[in-house]
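Here's a structure for you.
Chain IDs A, B and C follow the sequence of writing; residue 1 opens each chain.
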């Protein structure tokens, strides 16, 4: 039994598979009282619609209480560094925030996007790790520099459509967006597909868009241990060819992290990475998905989004089911 | 059984009357479990106090779950047009928003005020109609260019005080406000009073302040079909004379829509339309109401607001009861 | 049975003691259904984390419904003065807000900080008193110019650690902060400690930092009636010497109220009032607390905050328990 759900890295494939089995049970029987008398703080340092609604509804469908907090907006700014003379904006230190919230609620879920100034800094995932350190209750990741809830929803969707996933070709493709976005969902995409033994291809415009080595190494190791292959390519045709599942996400180039103007000079050349019908026609009749939100005709065309093979809404729905399964597991509740 | 509650236009008077009967039952017995296991997304594109509180409390009084969302604030901006290259502010298309929310909740309630740039555009009520088109669950109007929940609350209040309402004189009076406001409640005021066969008088400063022809035609037809009379006047004395119920609202002149400075030059001349004791003394001992919020000594005097004949607070209370009756009816729940 | 919980001033010590007894029962048995079918509006005119979470969770742990409202943000601005031509920002008068909310919910809890322009004005506590006047349901103070919920949490903590509190030395010490803060918690600190018969020492940099005479007089009278002593000092050593409980808070000097620059010239000289280990070593093995949020190494050092004698988190936890006890008492519910 895991105490936290911060990353899937330290969860065994069998444990994650069990969560997906439970999620399918909950999909058919959404209501129970297994979280009765349990309360959750949902801490959004960044906005959300799907995450917020699916957590709020999911918790209450199982008899629990959800309190939504938006620090800096509904509440005080928080200091995350130690040994600091707090004469800046933050009125409160994470030590107290985490300790006090732990006395009010039974679990704390956190959304904390990177600050996009220094990747070395953001890579440490300070906010959620500080909560893990100073809180006394389970911590749940609602997206930081990874998005493990999305991973579960994605794999539930992949399994539903591919059945056996071992050695099926999973394409994680970079796609265009006007802004340099978070790498979280891309990191998570290659982590979960490799964990389940898929042959994973990471398609990105050039070497500047390769994800952080930590995630590349983890995905490579996952694949190796399962007799699967992890590949990086910048060749669109090669990448789409025979793909069984296409997963798209836009992200900013890490070498230009914190310098959006310089990064933009790179990125604007790659608008043709948008997912379209032609690219999808090269696949092995693949399903397409994306974590949402998605800018139509920027990241993927209307035709792709409206096609039968687009399962993005189904994946979003699965967020509700997998999160419920995960929360039950943190409290040792069996279905 | 109606799927949506977007406008009262397509509801029969008998159906609306049943809702009012149910609302009176709920007023006396507010708690039940008829919405158990039902969840509602309350989507506020504009702020609210009464609407939000009455929906949140009402849903929970019947065992349901309410999730409050404020897109553009708690969540992403939404694109409502089709076939658009989404390179602007919106991160997400209504197609996905509506489809995904439909998988999380059992109904979606929406507040979406006009943008006040083009009445031709606002008149299409695009936001709520897009939700109706792309969502798979009941859609509820919490005020767009009409305010059907307010209509029910108003008619519950009118019936309580007038008993038989057929052919009673309902005065819908324009009143002053420093800004050119939404016509929603005025449109709704003449729709519901005419639907119930009242003789409806619309009082406004001049022809520029006449409501959109759609609502004038609907109200006229409603009156005709019930042997009642629909009148437009700019004469204050004529309007108030023998009125049985006075309903006030301020709104902007449609010919100057999107041009607040030009509209202001008109409106500022009509501060004397404020409802006061002298005007009320010309009526047939009428009750006075307003949908709230109301600026005292601008829209109506303190003396009017504090008089026994002011039933604005009662009408606001009735929002709770009628909305609960309406939500039950959307799910086919009988009291 | 009190209708409101606005200030502890008009509550007898025995009544407050009973609330603390109940709070201890609730600490061990947090869940019940004593607030079933009761709904609460939590009105935050200022942000909050602890107060919001503890009220939301506490109400739901007893079967009630909590609706969080943030006027001016989630809702309209409110006018609190009478006989005003409302041509400013406020769209709505407190008379209507309070009357309408009273029809939706069973109690209204309010956080309304001073405006920091005129103490003569802020001292009247207009917002909460207006709700008291115009609402028909119990009103709860979630911090205005006093913070009675914090008082209960503090005294629960003090009693836990000191056992008998009569004639024990309670030090209320001013401490530094970059901004001139609200006097609410300091007012409350001397009110509740004196109400329970402690010898109260108020330590502040100079006479400009003495609290409003109303609270000084009340605390003095409380002490006198219990055979205890109320002292004001500007001598740090004298103040800390033999203290049994040290309670810190920063606040702005009242003579410079509304003039932060002038006040700053005073305040910046008093950074040495920060609570540190040396000061604590002069006490009678005292516990230390603060209401939180607390800027570390500004108001108190890391060493003090991380020491075993720091009970600030425990005090914060007690907010949950005392507030639940207080809400039950307003509805005459016995444990």
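Here is the rule we go by: a contact is a pair of C-beta atoms (placed from the backbone, for glycine too) under 8 Å apart; a residue touches a chain by one contact, two chains touch by 3 or more.
None of these values were measured; they are calculated from a predicted model.
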Given subunit A and subunit B, the chains that contact each of them: C
Shared interface numbering between subunit C and subunit B [over half = same, under half = different]: different
Inter-copy rotation, subunit A to subunit C, in degrees (Cα atoms; steps of 5): 120
Inter-chain centre distance, subunit B versus subunit C - centres from mean C-alpha coordinates, in Å: 41
Touching two or more other chains - residues of subunit C: none
Residues of subunit C that touch subunit B when the two form their complex: 37, 39, 41, 65, 67, 69, 71, 73-76, 79, 82-87, 90-93, 95-97, 99-101, 103-105
Parts of subunit B lying in touch with subunit C, wherever the complex brings them together: 30-31, 44, 47-50, 52-54, 56-57, 60-61, 70, 178, 292-298, 302, 305-306, 312-313, 316-317, 320
